[in-house]
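The two complexes that follow have chain A in common; it is paired with chain B in the first and with chain C in the second.
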Partner chain A sequence: MTWHVDTTQLDRYESDALPPSGMASVEMHVTSCESCRGQVAGRADDAARARVKQALDERLDTPPAGRTERLLRLVGLGEADARIVGATLSLNWSWIAACILSLAFVVLAATVGSRGAGLAAFLVAAPLVPLVGVAVAYGPRVDPTFEIATAATLPGARIVMLRTIAVTAPAIPAIAALSVFLPAGPLAFAWLLPALGLAAASLALGTLMDLPKAAAGLSTLWLLGAGMDLADAPRTSAEGFVRGFAAFHPSGQLLFASLGAVSLLLVALRRAEFEIAR
Partner chain B sequence: MVAEGVVKRYRSTTVLDHVDLRAGQGITGLLGPNGAGKTTLLRTIATVLRPDEGRIRAFGLDPGDAAQRREIRRRLGYQPQEPGFFQSFTVLAFLDYVAILKELSGREERRREVRRVIDLVDLGAVANRKIRKLSGGMRRRVALAQALLGGPQLLILDEPTAGLDPEQRLRFREVVSQVAAEQTVILSTHQTDDVAAVCDRVVVLHEGRARFEGTPVELGDLAAGRVWLADRPDASARLSWRMGTGRHRLLGDPPAGAELVSPTIEDGYLLLVGHAANLAEEPV
Partner chain C sequence: MDGAGEGPSDSDLLMAIADDDRTAFDLLYARHFGWLHLRLSRRCADPALVEEAVQDTFMTIWKKAGSYRAQGDVGAWVWGIGIRQLLNRMRQRKTPAWHLLVHSERLVSAEDSVLLSVEHGDLGGAIDRLSPELRAVVQATVIDGLTTREAAQVLGIPSGTVKTRMMRARQQLREALT
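Showing the complex of A and B:
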């Protein structure tokens, strides 16, 4: 090698005073010339080098956040919570989308077919979406990291609530948007309180049994109740037919609101039960 | 860690039947056939399951109390028998996620700790690879790495060497031996040579009961005077198999013309819980 970096060039390189071609020339040379590399190393600011290394290590060692996680961080969720919610959504987004799509078809049927039956079908089916969402939110059958998470220190109740919210939060507004297309006025939203009440009740039952069993049991009771009431409901009008199911009476709505509140209280009191597998 | 009289039932089946186990600093091996109750016992010690009867204490704390259970978990690392992963996660993302579950909340603290365990189990080359693209042996290493996050004082490993090749098993032994220098490690295995290589003490579980507790040498000594080499199999032997050398290894009463040999841990284990014990129907 006949050309080496001299002191003047090194001074200018160090102070960033060389033109881009000169900078590139010095850098190319030092990668293959040990003595010049030694000269450059001898001038290095150790503190600056440590800072650059730390910044590089942080960049390389920080897993990139997914789209969902970035969105959640934008709306104010903390990094840890956003990561847990993001992991949940990555498992369940296809399920959520399938449920919403199914309800969309029900809405279509309600608008073109029998109004009473279509409206009843939508109002009975809609609360099942968040209810089943609770079932798939957490548990050994649905979370591959369940045992690892159970043996960790993050409270199980917090994981359950974060995951439940992660699943129900996109579902409920989507169902509400579908409700707008139903020609039934405020009655089209009568599913909301039963949905929230049943979801909270399944969480409360989840302190006694597996969440999927709790959700399945409540879904069955809900459908049986709907079936029995609607079988004898008057068919003179769509509204009259739908209100044949007690859950869609004002008193029934109040009952489900109360059920939700009491259930959430029970969940708070028994939250330690989410920290042990069954 | 102390477990006394631990009972666990699933419906009508008693999986753990008044099991006692003590483990201090060093490595305690849990040996036993499939269905012996090893995984259930480890899950109970790891505070994942609640025992139906009995008493467990770790660091003098009671996992039956919610606050004390959290404190135990703060000092605990657990590798399940079948560790699950989010398949779309990279190794780095998964370990970071588990670090969040372990409440290593400061980003810099988490990053350093994840890097530490990645380097410890030699996963640097695949840190940014998706877990679904890793071999079974590599996934086991990821499972071990997540258990090591936070520098646990009590490390519980369920079948940690299953699926590992000999070189990986050697590396595992190095890592675990290093950790056990100052911590308590309880590991379950089917492999008697893992027990021989790294365990200070071994407990043999069979049908939900602890049949033996002592050192690996003491386990092997159970078969002292009862292990023979012969050129041909002997029908009167309790257990026999053909070895790679062409000779036959026999357990039991001395067959004619056989050569007495020193017992291994495997011999003691087989005599204790193997088919021979059932056939003989007499205490070892």
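Showing the complex of A and C:
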């Protein structure tokens, strides 16, 4: 059984000129015969071989997608976007977890501790978590993947937004879950609008200066405001005390909501600045 | 006939690939690209789609080399991956199912019909005389090694029809040989 495909047969196979049984015979034989495979390899389309090889090398040299990244792809995010969000999460999950854990202790203190103080500490601290997220979102000093990001073809603004969302999206539900345990009713969620407003405002400021500076400046203002207002707040009831800080007043809440909306508009208008920031 | 040539055998290469050996992978690619590309080109008229399928096949080989358990021929194993990758790609693109094959006058024999047709003279002829519909079913199941369900998808007919056509094809071939 030393039958082999000869050149004439291969020629006829390639040009579809064999009867069906002959076509199949050639296929079955070549698939399992090493020397005939070698013969076919010698005649193969070199351009196609090189194209496929190059594509393969690129795919093999790309690091495999992590679990988060694959999940994000599944949800419908594009390849580049999923990679950015995935990398952001894997670089930052430790401090996000740390921040939320600290908040959990504050919640614990608030449920057992003195009236108002614990609740106020929680509400004042909570908006700072997304702010830190914005601070580390983009820039040469804070971002270990900055060099890669500048080489990427994605616009800088898109990277900043993806990063910010990657950090705030898990942080906000986690903090909200903690709020449920606070014996303060709807007031326990008073941090939400300031958090969104401050995060958006720092992004808007980030079109003028470094994002970390913008976030640090706003955090300082926020803490100063809280300190000054709460120093004079009446200590009669927890709710009264917390509402002593203007930000937790209904009017203050409205103010932060509009601050967020205006800031996002500014970011959209000035998004080109993130390119120059490189 | 594995190992007839010089250098490591294909199954040795697969073992090395399972340990992430890129050199072994490149060698396997050099050995198998040609015939796989040629044979897949007979199944799909779009060269770009065929190239994508070949690429997917070698990606799968890179990832799954460890699952080759020296059961049977490496070429047949590679083909099994290749034809399914091509089907995937064709399904994604909604390429009209296998029309090419049903209408064309090519393909098909039974298992090792090369040898049989030499000895029994007429098997090759019998296969060539099958109607295109029956031949397409024999082609998809026997030659391409697809399951009844995959063949049904590829040919755009119900699984039951694949089975009955296969039965009729077998019957006709048996009659031609006796």
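What we mean here is this: the second predicted complex is superposed on the first by the 207 of 278 C-alpha atoms of A that agree within 3 Å, B and C clash if a C-alpha of one lies under 4 Å from a C-alpha of the other, contacts with A are read in each partner's own complex, and residues count from 1 in each chain.
Just so it is clear, a residue touches a chain if its C-beta (ideal position, glycine included) is under 8 Å from a C-beta of that chain, and two chains touch if they have at least 3 such contacts.
Just so you know, these numbers come straight off a predicted model, no measurement behind them.
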Between chain B and chain C, more residues of chain A are touched by C
Problem set entry | Partner chain in contact with A:Pro63 - chain B first, chain C second, else both or neither | first
Tell me the contact category for A:Arg83 with respect to chain B and chain C: first, second, both or neither. first
| message | By the touch definition at the top of the document, which applies to A:Arg37: first (chain B), second (chain C), both, or neither? | response | second
Ask   = In the superposed arrangement, which partner chain does A:Ser102 touch: chain B (first), chain C (second), both, or neither?
value = neither
Request  = Would you check which partner chain A:Ala272 touches, where first means chain B only, second means chain C only, and both and neither mean what they say?
outcome  = first
Q: Identify the partner contact of A:Thr220: answer first if only chain B is touched, second if only chain C is, both if each is, neither if none is.
A: neither
Margin query: For A:Ser258 in the superposed arrangement: first (chain B), second (chain C), both or neither?
Written below: neither
Residue set of chain B touching chain A in the complex reads 43, 46-50, 66, 69-70, 73-74, 76, 78, 80, 83-90, 92-93, 96-98, 100-103, 105, 107-108, 111, 114-115, 127, 146
Listed in rising order, chain C residues that touch chain A in their complex are 1-5, 10, 22, 25, 29-35, 37-39, 42, 47, 51, 54-55, 58-59, 62, 73, 75-76, 78-79, 104-109, 111-115, 117-118, 123-125, 127-128, 130, 135, 139, 143
The answer for chain A against chain C in the complex is residues 1, 3, 13-14, 16, 18-25, 27-38, 40-45, 48-49, 51-53, 55-56, 59-60
Given the complex, residues on chain A that touch chain B span 57-58, 61-63, 79-80, 83-84, 87, 90-91, 143-155, 159, 272, 275-277
